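Take a look at this one; I'll ask things after.
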Amino acid sequence: MNLAHVGIVMGSDSDLPVMAQAASFLERFQIPYEVRILSAHRSPDAALEYARSAAGRGLKVLIAGAGGAAHLAGVLAAVTTLPVIGVPIKTAALGGVDSLYAMVQMPKGIPVATVAIDGAANAAILAAQILAVHDQQLKARLAAYKEELAREVAARDAKLAQLGIEGYLREGKK
Amino acid sequence: MNLAHVGIVMGSDSDLPVMAQAASFLERFQIPYEVRILSAHRSPDAALEYARSAAGRGLKVLIAGAGGAAHLAGVLAAVTTLPVIGVPIKTAALGGVDSLYAMVQMPKGIPVATVAIDGAANAAILAAQILAVHDQQLKARLAAYKEELAREVAARDAKLAQLGIEGYLREGKK
Amino acid sequence: MNLAHVGIVMGSDSDLPVMAQAASFLERFQIPYEVRILSAHRSPDAALEYARSAAGRGLKVLIAGAGGAAHLAGVLAAVTTLPVIGVPIKTAALGGVDSLYAMVQMPKGIPVATVAIDGAANAAILAAQILAVHDQQLKARLAAYKEELAREVAARDAKLAQLGIEGYLREGKK
Amino acid sequence: MNLAHVGIVMGSDSDLPVMAQAASFLERFQIPYEVRILSAHRSPDAALEYARSAAGRGLKVLIAGAGGAAHLAGVLAAVTTLPVIGVPIKTAALGGVDSLYAMVQMPKGIPVATVAIDGAANAAILAAQILAVHDQQLKARLAAYKEELAREVAARDAKLAQLGIEGYLREGKK
Amino acid sequence: MNLAHVGIVMGSDSDLPVMAQAASFLERFQIPYEVRILSAHRSPDAALEYARSAAGRGLKVLIAGAGGAAHLAGVLAAVTTLPVIGVPIKTAALGGVDSLYAMVQMPKGIPVATVAIDGAANAAILAAQILAVHDQQLKARLAAYKEELAREVAARDAKLAQLGIEGYLREGKK
Amino acid sequence: MNLAHVGIVMGSDSDLPVMAQAASFLERFQIPYEVRILSAHRSPDAALEYARSAAGRGLKVLIAGAGGAAHLAGVLAAVTTLPVIGVPIKTAALGGVDSLYAMVQMPKGIPVATVAIDGAANAAILAAQILAVHDQQLKARLAAYKEELAREVAARDAKLAQLGIEGYLREGKK
Amino acid sequence: MNLAHVGIVMGSDSDLPVMAQAASFLERFQIPYEVRILSAHRSPDAALEYARSAAGRGLKVLIAGAGGAAHLAGVLAAVTTLPVIGVPIKTAALGGVDSLYAMVQMPKGIPVATVAIDGAANAAILAAQILAVHDQQLKARLAAYKEELAREVAARDAKLAQLGIEGYLREGKK
Amino acid sequence: MNLAHVGIVMGSDSDLPVMAQAASFLERFQIPYEVRILSAHRSPDAALEYARSAAGRGLKVLIAGAGGAAHLAGVLAAVTTLPVIGVPIKTAALGGVDSLYAMVQMPKGIPVATVAIDGAANAAILAAQILAVHDQQLKARLAAYKEELAREVAARDAKLAQLGIEGYLREGKK
């Protein structure tokens, strides 16, 4: 197996269904990654050790998903100079606005690159964009993905033109 | 000097004007304390070391003040079994709702006893209540303080009865 | 039966499914407790009488759960010097942000140690931490629980390493 | 002096500049009132005693102003069947949304008639409307006030027509 | 039939399941009422005519339920001097915080007595409290209801003491 | 087919069930329209080209629905002088308050006429009102629709008078 | 003077400093307008009469500014089929989120075209865009304004290139 | 001068005082940058052209600051595969929560790496972290900066130990 370039970390296995999208997008972009369950609060030693050793083990970007008082991304960022991407996880009570504030409002000196609530796919794409800064092949894959996004929208637009609103909605229910 | 029973920690010296109220209330209750500037993000090693060694050095309660993505209280709580009281500090952009969410919404297993935004005085009183569980003299001081609060309100009520609304407001402006 | 050290109080029996977690955690830590339904608004005399007599009956910590205009914790705290832990209960309309604000934003002089929305388990752990300030055995139980938390996270992390993301998610659905 | 029909209560003398507007509107409507500083948290006995004895002393409506975890109105309402009007006071950190939620979100059985943040004048007008249900003279005063409001708006509208926007704004700065 | 003393008005029949609770509480207190569907936006003439003629037809209190940009209560209050109680209805998108703000934040001069989101029962109790200002029998019914609330809580508290937490929860599921 | 006067645009086909209401209201008012799926982020060239050419192709009003960081309406408005109506789409995490803020808070110079969250029907009615400024027949249709709204409310009011609350609610469940 | 095409209405003269920007933008686009102070709550008859007669007096678009429980735009829209543009005014307590929700969340059938908080300038531009649907000269003025906006940004960009950040900031302070 | 590696873009020169911090941090890390005023709404062609040509001109990371309906970062991200860092600018009415939501809640496919409200310094540090993925010298500078942060906190902690709270606060006022 390749040495991982991206480390996906989450505070709890309840975050896995969301964070799995990050893994699947990294695979799509052929970026080697590893995925870990490490909690800033329940297993702080393991989490800190992971972040401290990350650069030395060849990791280039970290993605951290956490919910509520979502400290994981910030705690990792405190002990590494690697870019840390934060995914605020939606919460039952507050919809994830707690996770978002706890992640994005970092103090001067220690940034966390925050994406949308439950935005694990975008975290992976952002990681790919970061790695592509020095990787022309990856950059080409990102450009191809961007074109594919546009084509997909155009295909749906064309299908809507063909089927009309009701036809399109009926189709969607099949 | 007494060995400190309460450790007041803050993430930045900009929190000091607020956190100073905690110190002054601890003094009022004759509780030995120490005060430290330790950042979960900028000096994580010092912060963690502080919390890890706290119980061993005789500390019984920690009070942590932080603003924004306020991780300090949670990070301390992750590595000690002492009760950790969190003071969410008011922020310029969001008024401290970010600090509050980042502090209070801790995951199962690692509580932070959160008080009001900028509520450092109450953090000290809560620390006193915790210590008073096994300290009858302190409990008596707390009861006296409670009576004093009631007397103060009663005194203002009496003054209002005497001066009337306008008189009271005029007095306040002197 | 042991004399209760912790009193769990809730404003309505609709809060019981959440507050039951506090009871179950106190049992785990072998802390004797009692549980009561007492409303600050509908049975204020009983609630006040309960708090006023709490210390005299040997209670050391109160845990109060309430939702909406959640006054219970504050009303108890007004008439006792025992530490009062507040559990804001999630509400249908506002997700519990109403309960949280009504509990945590207490005025100077009367703190409520607020935990996360629906965070009854953490309320119990916090009560245990408070009692452990003068109870080495309880402190040891808390330390053991902390280690167990770390072991659980590590076990899930290991399981994820073994099964992979898809395997882990498949497992979870069984 | 008349026996008071309305009791204006506030949790702290810092609420007086706002609550004074309630007094001044009651005077305008010739409604006898009394004004008290009584705290649900710091002087709970006095506050409860006040509400319990209110109806017996001839009071017909209570107005309660409080900020933050604003329990005063709810605590009074818990022990009286008089209508209780709540004025949520603006707070430094959260603008008074905490006071509003803590006041308006009362549980079934114990209403608080909540007006706008810092809306003490409207609390007085509402009290007047309540008293006017059985007082035709007061009803006439309220109708006259309503007409005066309309006249004032019309006068400003006419002045704007006369002076134009710039003239009107210039006038306002004198 | 009795002449109605309370008019329950709602902006849409989708509000009826909530507002029906107001009707049922008024019946309990033996207060004659009428219930109407009148929209501030879709049938403004009917709504205004209703409010303008309300006092003349013997109505003493209006209760208005509305959601979203909930103008109904304010529009009624603009053209009557009767007390108007507002019930902010929960909304799909914003949980009713839109309804609450649109109702409670009335300008000086025109109060709306706002109760909790979906708090139609409390609107009726508040109406009863208002009418009871000059009706000793109704006041006695309200006092009896208050005692019943306390008894209910006490009964649940006793049942919990008897069955224990698990027994109580099992009972609830039957 | 008629040349379209209104262009309904949405960022994703997941918005179609909501935006279909705009189409159905335009049909009701006999306003020719077209409907497109165009994304400000995934197909920016197509979206910009659409808005740039809109006026030239005879379009008079654009309606844009988008959710989350809802930029579509603003991006269209940046490159056309046609009125652009924005429909903030409800989101899973934040209920659509993100969509609303991202749409309505446009900078000086580039307005977006924002309607309620998921308010696609109102977007169509607003488009009709705009077109009716110079179309007396359309204005008459709008007036007729307004009367129909009032009649519908009146019919429900009458039905409620006839069936009573319980009858009405029972009817609704059939 | 020209017959007014746009009516600018505000609930209170305290809104005039903000709403004056709408007037000044309408002048810039050479659109005849009138400006009125009319309150949905304090002078409802005048406000309703204004809106009812607006179309007959030649008005084509209404702009309404209001704060808090901002009902003015919705109340006008209830009785006219003219497009109504709403300007939510910033409030002291809640920053205008109350005004925004009370304006934008209108029920199906009665839209209000809402612009940004304090966005009176954009309300005027939107009114111009609406009128320009059938006025090529006005459309040309709007296109010219759009170009001017771009030129202004470009000029500032060029100035920044020339002066550098510090030079630019120094310049701004002169 | 060096070819710029980072492009700092802002929607308005009113954002310059905040965004200047990004420039000053990039200088500190010896990263060549350029700074531009380009508006997604007022100069969309220039903004789009800038982003489209950015990679070709050697830029590696973009930083975009914008407030309110803050579309700039998303619009740039729509047409480049470079990583785009967003700085939500604080707003007068909503404190920047509008800017934050409009920036961070990007749809799947087009991430914006969002930092704190007004967090321009952190945007620069994040850009440095991204560039350091393939630049050991820059990584060393980041590591040195991290150490400096820790030293600064330690120095303040030491100063506080020496001066005490009052001494420290007095010092700060000089």
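All chains are identified by letter, namely A, B, C, D, E, F, G and H, in their written order; residue positions are counted from 1 within each chain.
The rule is simple: a contact is a pair of C-beta atoms (placed from the backbone, for glycine too) under 8 Å apart; a residue touches a chain by one contact, two chains touch by 3 or more.
Here the structure is a predicted model, which is why all the values come from computation and not from measurement.
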{"item": "Between chain A and chain G, the fewest steps along chains that touch one another", "value": "2"}
{"item": "Third chains touching both chain F and chain B", "value": "A, H"}
{"item": "Neighbouring chains common to chain B and chain G, by label", "value": "D, H"}
{"item": "Centroid comparison with chain B (C-alpha atoms), farthest chain", "value": "F"}
{"item": "Recurring contact interface, reference A-C, options D-E, E-G or B-H [over half identical by residue number]", "value": "B-H"}
{"item": "Mean-CA-position distance for chain B and chain A (Å)", "value": "36"}
{"item": "Chain B and chain E: spacing of chain centres that average the CA atoms, whole Å", "value": "41"}
{"item": "Inter-chain centre distance, chain E versus chain H - centres from mean C-alpha coordinates, in Å", "value": "51"}
{"item": "Chain centre separation (chain F, chain G; CA means) in Å", "value": "20"}
{"item": "Residues of chain F engaged with two or more neighbouring chains", "value": "12, 39, 42, 68-69, 93-95, 97, 104-107, 109-110, 112, 116-117, 149"}
{"item": "Touching pairs - complete list by chain label", "value": "A-B, A-C, A-F, A-H, B-C, B-D, B-H, C-D, C-E, D-E, D-G, E-F, E-G, F-G, F-H, G-H"}
{"item": "Touching residues (chain side chain B, partner chain A) in the complex", "value": "11-12, 39-42, 44, 48, 67-71, 74-75, 77-79, 91, 93-94, 97-98, 101-107, 109-110, 112"}
{"item": "Chain G to chain F touching residues, read off their complex", "value": "55, 60-61, 81-83, 85, 100, 104-117, 119, 121-123, 125-126, 129-134, 139, 142-143, 145-146, 149"}
{"item": "List of chain F residues in touch with chain A within their complex", "value": "12-13, 16-17, 20, 23, 35-39, 42-43, 45-46, 68-69, 92-95"}
{"item": "Contacting residues of chain C [partner chain A, same complex]", "value": "90, 95-97, 116-118, 149-150, 152-154, 156-157, 160, 165-166, 168-169, 172"}
